[in-house]
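Next come two complexes built around chain A: one with chain B, the other with chain C.
Let's turn to the complex of A and B:
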């Protein structure tokens, strides 16, 4: 009886830890689908990622994707595009942001444009000095995007993600235009 | 008795079968039974029975496996498309961030100059 109780406690703890690590999409935001003109909803768990991995071709993008997803536990994307401005309440998005305030999450980039009324943030989860998850939260007047890559991602893969999959790479200015070499007098 | 009754009586009158009728019927029954046994004998051979069972099992298994593979391929291709879509969205958002950071840096540099 004691053993069963102990097992139950362990299961409860493990489930609790898993739930704590996972950033949940607030259910109330699902109602946005009715207002949106375009909806993208991707929910891929580890099993589905493994299945997708088996069907990747030798194409460069496919190989990049294969390398990225092989260690991931899940990919979750919600993206809504609207025909009119302010179809969603920015306060609703706070529920996601609140989950990302836990100690394991770090905001690595946050860009706020008051002029364009835009806010894009990139968060990474760090465990043992390794990135073990990434969330991109992009709020625009007519668009709301939430990306959650759950699982280990190497900095190299993160860098590759920034200019891949049919999206042309934008080099940072310092990299694109190297400083002119000093001309010896 | 009218004519109709006479005709009915004549039609329903008991008639003795022609000679050898019983023998012919019995012979035909026996022949049919022989045919049935002949066809049954083929199937009664254990090897044929097992072969038939094996063919049915292999065909059913093959059909099931083919269906499973088609289903798996369909799901895999769909999952792959979903992965690529998700990564494309992620990539475009990261690009946006990069561009905005770049813009802000440029503006700051211009202000400083």
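Let's turn to the complex of A and C:
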């Protein structure tokens, strides 16, 4: 797994607004598990995050993590690693991307590395001028990752969450540049 | 006098161990289910020796929030390829009470390893409880742990690594 674009996908959702569109993990992508050399699936819903929050200590690191997750409704990560290149069809990922073209979603980061043949995108959902969810989609020839953070979170916080809760570390500040404009709605 | 001291010690060990055994039912139930479902050899309980058992029970009673309480069972010399991922996951899921909910699932063909991590979502205790089940090529390890509060993040972040450390 490359250090630069270590992964993520976040799938996300709901946030108190029943009408808000949820990003669903396409069932057909589960078939990738049969081809993958490694599959990681992390699912922490609001109840589980609250449990984790409750047991954290008062030390500095735990307090920082507490602050990050206390408002989240869920952390969901799916990551597939393959032995060979191109085991998944990039078109499959379009089904996820299509869901992110709804009005409340905006792509804030889009990085394409031709050298490493990697692509990382970060989308945020805004409701009432507040970020209420974030999705990271990372594609490499041998790796595909979705991270879905449901709930209020900022890009800075995503940076801090990287490496925790199964979320890959993303060096957004150094490597990612904002996309020129949001994905067409 | 020696006899009285011995009797008192024995009584204390029994009193301390009894509730611990009750708490172990849930753990034993999963161990037994997996053992019978996959016709596995007798498991090893590295922390249930004559000395370790009462020590663990005493740790449980002491309520010291800095101590990790661990229950470990290992099955060794298992025929490789014994655990088909879907069947294995279903078997484990159905063997645990519903308060144990999975939050990490890892299927690694390259490392020949399957790992499930469950969180006790109904815990009323002061500490988080996790169940980590790891099936490797010829070994199956079950770890149930009550985590000290200062290690919660370490366990939630990397439960597999932490469980392996405890099982060693």
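Following the convention adopted for this analysis, the second predicted complex is superposed on the first by the 129 of 185 C-alpha atoms of A that agree within 3 Å, B and C clash if a C-alpha of one lies under 4 Å from a C-alpha of the other, contacts with A are read in each partner's own complex, and residues count from 1 in each chain.
Going forward, contacts are C-beta pairs under 8 Å (C-beta built on N, C-alpha and C of every residue); 3 or more make two chains touch, one makes a residue touch a chain.
Here the structure is a predicted model, which means the values were calculated and not measured.
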Touching partner for A:124 - first (chain B), second (chain C), both, neither = neither
Ask   = Of the partners chain B and chain C, which touch A:147 in the superposed model: first, second, both, neither?
value = first
Request  = Applying the touch criterion given at the start, work out whether A:96 contacts chain B, chain C, both or neither, answering first, second, both or neither.
outcome  = neither
Task = Go through the superposed model and pick first if A:38 touches only chain B, second if only chain C, both, or neither.
result = second
Inquiry  = Quick check on the superposed pair: does A:83 touch chain B, chain C, both, or neither? Answer first, second, both or neither.
reply    = second
Request  = Answer with first, second, both or neither: which of chain B and chain C does A:61 touch in the superposed model?
outcome  = both
Query = Once the shared chain is lined up, is A:52 touching chain B (first), chain C (second), both, or neither of them?
reply = both
Inquiry  = For the three-chain arrangement built by superposition, which of chain B and chain C touches the greater number of chain A residues?
reply    = B
Key: Contact residues of chain A, present in both the chain B and the chain C interface   = 40, 42, 44, 48, 51-52, 54-56, 61-62, 65, 163-166
Note = Residue set of chain B touching chain A in the complex reads 72-73, 75-77, 79-80, 82-102, 104-106
Note = Contacts from chain A onto chain B in the complex sit at residues 40, 42, 44, 48-49, 51-52, 54-56, 61-62, 65, 68-69, 75, 77, 79, 109, 111, 113, 120, 122, 136, 138, 145, 147, 149, 161-167, 169-170, 172-173
Ask   = How about chain A: which of its residues touch chain C in the complex?
value = 33, 36-44, 47-48, 51-52, 54-57, 59, 61-62, 65, 81, 83, 163-166
Message = Touching residues of chain C toward chain A in the complex: what are they?
response = 101-111, 119, 121, 123, 126-128, 147, 149-150, 152-153, 156-157
